[in-house]
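These are the structures, in structure tokens.
In the two complexes below, chain A is the common chain; its partner is chain B in one and chain C in the other.
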Partner chain A sequence: MNNGRVDIALQENNAIIASRAKRVTVALFKSKRTTFGVAVLAFFLILAILGRFIAPYNPLIQSGPLWSPPSESHLFGTNYLGQDVLSWFIIGTATSLWVGVSVAFFSALIGVSVGLTAGYFGKYTDEVLMRFVDMLLVIPAFPLLVILSAYLPPTTNSTILILSVLSWPFMSRVVRSQVLSLKERGFVTASKLAGESRLKIMFKDILPNMLPIIFINIIYLVIGAIVAQAGLAFFGLGNINSINWGTMLYWAQIEDAAIQNAWWWIIPPGLAIGILGLGLNMLANGISDMILLNQGR
Partner chain B sequence: MITRRYLIRRLINVLIIAYGAITINFILPRIIPGNPVMTNLFAGGGGQIGNPVVIARLTQEFGLNNPNLFYQYSLYLTQLIHGNLGISFYYYPQTVYSVIMERLPWTLLLAGSGTLIAAGSGILVGIYLAWKKGTIRDSFFSSVGMMISSIPYFWIGMIFLILFAVDITIFPVAHAVTPGVTYHNIFSYMGDILYHAFLPITTLAVALLPIYALQMRNTMVTVMHEDFMKTAIAKGLPDSVVKMRYAARNAVLPVTTHVGLSLGYVVAGALMIEYLFAYPGVGYTLFIAIQNEDYPLMQGIFLIISLMVIAANFLVDILYTYLDPRVNLR
Partner chain C sequence: MESIIEVRDLVKSFRASRGIFRKNQYTQVVEAVAKVSFSIKPKEIISVVGESGSGKTTLGRLIVRLLEPNSGKILFKGQDIFTLKTNDMLNFRRNVQMILQDPYDSLNPLYSIETSVVQPLNIFMKNMSRKTKREIVIKNLEKVGLNPAEQFLQKRPGELSGGQRQRVSIARAMIMDPKLVVADEPVSMLDASLRAEILNKMKKLKDTNDVSFMFITHDIATAKFMGDRILIFYKGAIVEQGNTSAVINNPSHPYTRLLIDSVPPINPEKARDYLSFKEEAGIEDQISTSSAGCRFANRCPFVMERCRTNAPNEVDISSDHRVSCFLYG
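Showing the complex of A and B:
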């Protein structure tokens, strides 16, 4: 008897989740902005995953004359070593996205944990954690990033580690303020009266209600990390021999591509970061509008 | 209004943050195994292969040969109070402090004028976009703004270099003044400085403008939903008055705080742009320090820049409470 009831409850639960997923998907494609965002994201993801098969040349091998402008055989031209810029760009997409996604994942993990803890436990825990967060928010991140990268071995993983360690404070502030408002709500009080443990309340009652806002901030983290990695690479930090959008700009600067008027080498990575940023921003804005609409209902 | 109690509390807060930055600066090189400063000195970083004078100074003034971290920390703080940030490997025998102070004015010129121009024009653009909210122009320019604000600053600079310094050589590609020129008077000197600073400042301003414009637009759109706006329109006030005196004026104050909070970005942008234009500020020096493994100089730059941003942030905060009569903090 009891088992049967649990099964039915589970089925209902699954049905609710499925219908929610359907609703979210429908809502995402209803607005032009979010459709654009999803399309841009999908485009770059495909480029990142299938890059090795799409790239016309091996990016590390000379495949044409040096400094040649875009032509039929080299759509984005060649660089100072006669390497194909389009292949550099396509292969580089994977590393750039990988850095963005992993940094977003790790800093979301830290940020959500810190925010939940500070918001739910309050008092001294909150005071100490938020002082620390304030400090990290005020200290300018870029010089700190530079110093850390200079001390750690120049690998892509070091870059991911450094960016993750420094990117979470804003997320924790957002989560904390959400927790502060959610924990006063009726359903949390109900769980408390029912004798639920603190951990259960935090993860079962409070966390699911913040997921959309966490997701929005993860989007901002992704683009922030991609831009920051490009900035570090531009300064010659991190693994400058890896192929990504940042190192493309680093070598372009080192080899004076701007002075050589080699615009075809400079434009693709910067423009790609801009378009990806625009797409992700639109996605985030669209989702936050959806949240506002839901709350209005 | 601002009370003395609030001021003191803020001041204590700022001092704690500054102390944090100072301590981070101490801990960072020491949590990495095999003290890179000393190792590097013997491995030949910055061209100072075991220079006895440098070693003597580092061991004597900073106690780097003494494994007791508390002893090192107390020495570090004592030296810091005396303005001693150590000696630069690359610019030996110059001290880190003198290297930074020599270059700081150029960075301040760049970051300061870039912020002022970007904030001023960004706020105007934001007012325009908020007033035209929902039109094609608004969504077009807002999208362009979102795109520019996620592009790295130095990329915009590279494009400007190609457009205005290579294709058509209107502006110089590098340096802050023309090398080896003697000036007849102060005006030709100032003119040369402005001529060289034009592209770097423009790059920074163009990169920052969308951030302030979008902030202003979004804040003003929220303000425009408020009741007093309806009253103002119902009273039959002219559009320009409703727009500037009612909507913009109430939206501009929160944007001021944003200007303060974005100082970290401004500094980062200025550092990268200096390197791009070989502009002799702190950012270019930071690049030189990285390339030559000059760790004392890197850390000195981090510390000075952090302290300046922390102080500027504090000032903007205080300024804000003076500007906005609604803020009543105790």
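Showing the complex of A and C:
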């Protein structure tokens, strides 16, 4: 075997890898659903990251007359204190997304670890962990959320903590079932036969093959967390002084925005939650369709 | 010649229901492998023939220690493989390999062909340079007929056909020069036109690599084509074993005759004997539950009273041909 052949092989390989990355990107934008999802996500991410520079006013100071409807100077109108609703909305995006993403991260971390351990070790480990998960799953989540929020200090971090602790069980179930089915696949057997250690089989053969499904479930976790946070904030639980979509709805309700006919104060956060949820959902569904198509190959 | 693998009184049974809270309830026990003994010699292809559910795959999985038996021993180089600990076990893995049945399932879809094939080298040859490993991979891919091998290195399994994937699996199993390869129906998922090619590749590997094959199949024609020796497996037990030509030309057990008569001939007009063997009881109890007597008794046209109460012992027909049937003593 001369070196020239091997080098040529290496060059060809790089080309193949590059074309593969391109193919994934093309596939993502080929379907209208995933394109919409990516666009929505990108829009809100930009709002969240660059919000401080985009927001026209400081949301905490009076920048116009009280209860003024949308106008040129205040696109989304003002609230009961004369604060700019658009600025509230833009600044609030960051907190809402931050809660969604960190809750998804922490519950994915717990859920994947528990699911992997249960599915992989099986037997008593599985039985104990899954009975615990069952217990968490049958507890009515929202009342527990309300109670926990009432006892913990009202900060955004405690909201993240509470939501994380309560939203991982479903993820662990999904991961466990995936481990159980992947464990029986031929390539896992092949790795075993090759003499590979159990830990390496776990992290090189089993885990990578369920990353798409974990990713989809992370998206659902993000949606769930954003909605749950808004719900908690709406009831005045958690940090009511932070600016986010939930607290916007809370103050709008406390100050009777509906009676004042101030629809411009209620609709932006409500619609944003809806659109973001729809977009993420479409992204997740699109990705799972892509996986199904890929499995057919 | 000393044998590489010696199987002694191997028993493996499964319970039909599982779960830690259900263990004591009524469970059906299925004897997939029941007191099986045979041996495999170096540079020998031994075919295991049996119908689906006969336990032949279980036998193969026991020999590579993917399963633990209920009792019995498998001796590899004089040592029971089920007592091997980490390092000896690794050595065993290196010497005894398996080709899995489903080529669409036996390669990790996320990894390139090179990553999959090089895996044993990464485990056993930790100090080898990447370039040397790549050269060995290329050499082995070419050996199984994937030419030019460089083009396959970075492909994903999804980009290959079933036949190509099965060849990759064979290359991967052969890369450490094992002494024995258990091939579990390696061609049953492939197009008929590809089968002969894969089978010929394996026969050639036997000569070039000094390797023994245990070839598991449900097709006695394939078994005849491949095997130096044949084991006829029925409901977890060996009913007949011996030299291929002896077993095929002088099938002694009624089940072996049934198998041979069931091969559809290319020219049906001339073959008068096709399906001449009459089934008495059909295939009603396919699952091999443990019972006294011969396991084939319910289907056997020559069944006698003692067949139902006593299990027959192995009888020598000729020097390398044994059968378990009361018709012969």
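Rule of thumb we're sticking to: the second predicted complex is superposed on the first by the 276 of 297 C-alpha atoms of A that agree within 3 Å, B and C clash if a C-alpha of one lies under 4 Å from a C-alpha of the other, contacts with A are read in each partner's own complex, and residues count from 1 in each chain.
Going forward, a residue touches a chain if its C-beta (ideal position, glycine included) is under 8 Å from a C-beta of that chain, and two chains touch if they have at least 3 such contacts.
All of these numbers come straight from a predicted model, not from anything done at the bench.
Colleague: With the two structures laid over each other on chain A, which partner does A:277 touch: chain B (first), chain C (second), both, or neither?
Modeller: first
Colleague: Is A:185 in contact with chain B, with chain C, with both, or with neither (first, second, both, neither)?
Modeller: After superposition on chain A, A:185 lies in contact with chain C alone.
Colleague: Once the shared chain is lined up, is A:140 touching chain B (first), chain C (second), both, or neither of them?
Modeller: Touch partner of A:140: chain B, not chain C.
Colleague: Compare chain B and chain C by how many residues of chain A each one touches, and report the one with more.
Modeller: B
Colleague: Is A:29 touching anything from chain B or chain C once the two structures are fitted on A? First, second, both or neither.
Modeller: neither
Colleague: Looking at A:148, would you say it contacts chain B, chain C, both, or neither? Reply first, second, both or neither.
Modeller: Only chain B; A:148 stays clear of chain C.
Colleague: Could you look at A:194 and tell me whether it touches chain B, chain C, both or neither (first, second, both, neither)?
Modeller: A:194: touches chain C, not chain B.
Colleague: Based on the superposed arrangement, let me know which partner A:208 touches: chain B (first), chain C (second), both, or neither?
Modeller: Touch status of A:208: second partner only.
Colleague: Which partner does A:230 reach: the first (chain B), the second (chain C), both, or neither?
Modeller: first
Colleague: Report the residues of chain B in contact with chain A in the complex, numbered from low to high.
Modeller: Per the touch definition, chain B meets chain A at residues 13, 16-17, 20-21, 24, 28-29, 32, 36, 143, 146-152, 154-156, 158-159, 161-162, 165-167, 173, 261, 263-264, 267-268, 271-272, 275-276, 286-287, 290-291, 293, 295, 298-299, 301-302, 305-306, 309-310, 313.
Colleague: Which bits of chain A are touching chain B when the two form their complex?
Modeller: 131, 134-135, 137-144, 146-148, 150-152, 223, 227, 230-231, 234-237, 249, 252-253, 257-259, 261, 263, 266-267, 269-271, 273-278, 280-282
Colleague: Over in the complex, which chain A residues touch chain C? Could you list them?
Modeller: Contacts found on chain A: 1, 3, 5-6, 8-9, 12-13, 16-17, 123-124, 127, 185-187, 189-196, 205, 208-209, 294, 297.
Colleague: Looking at the complex, which residues from chain C come into contact with chain A?
Modeller: By the definition above, chain C touches chain A via 20, 64, 66, 89-90, 93-94, 97-98, 100-102, 105-110, 116, 119-120, 123-124, 131, 134-135, 138-139, 150-151, 153-155, 158, 169, 172-173.
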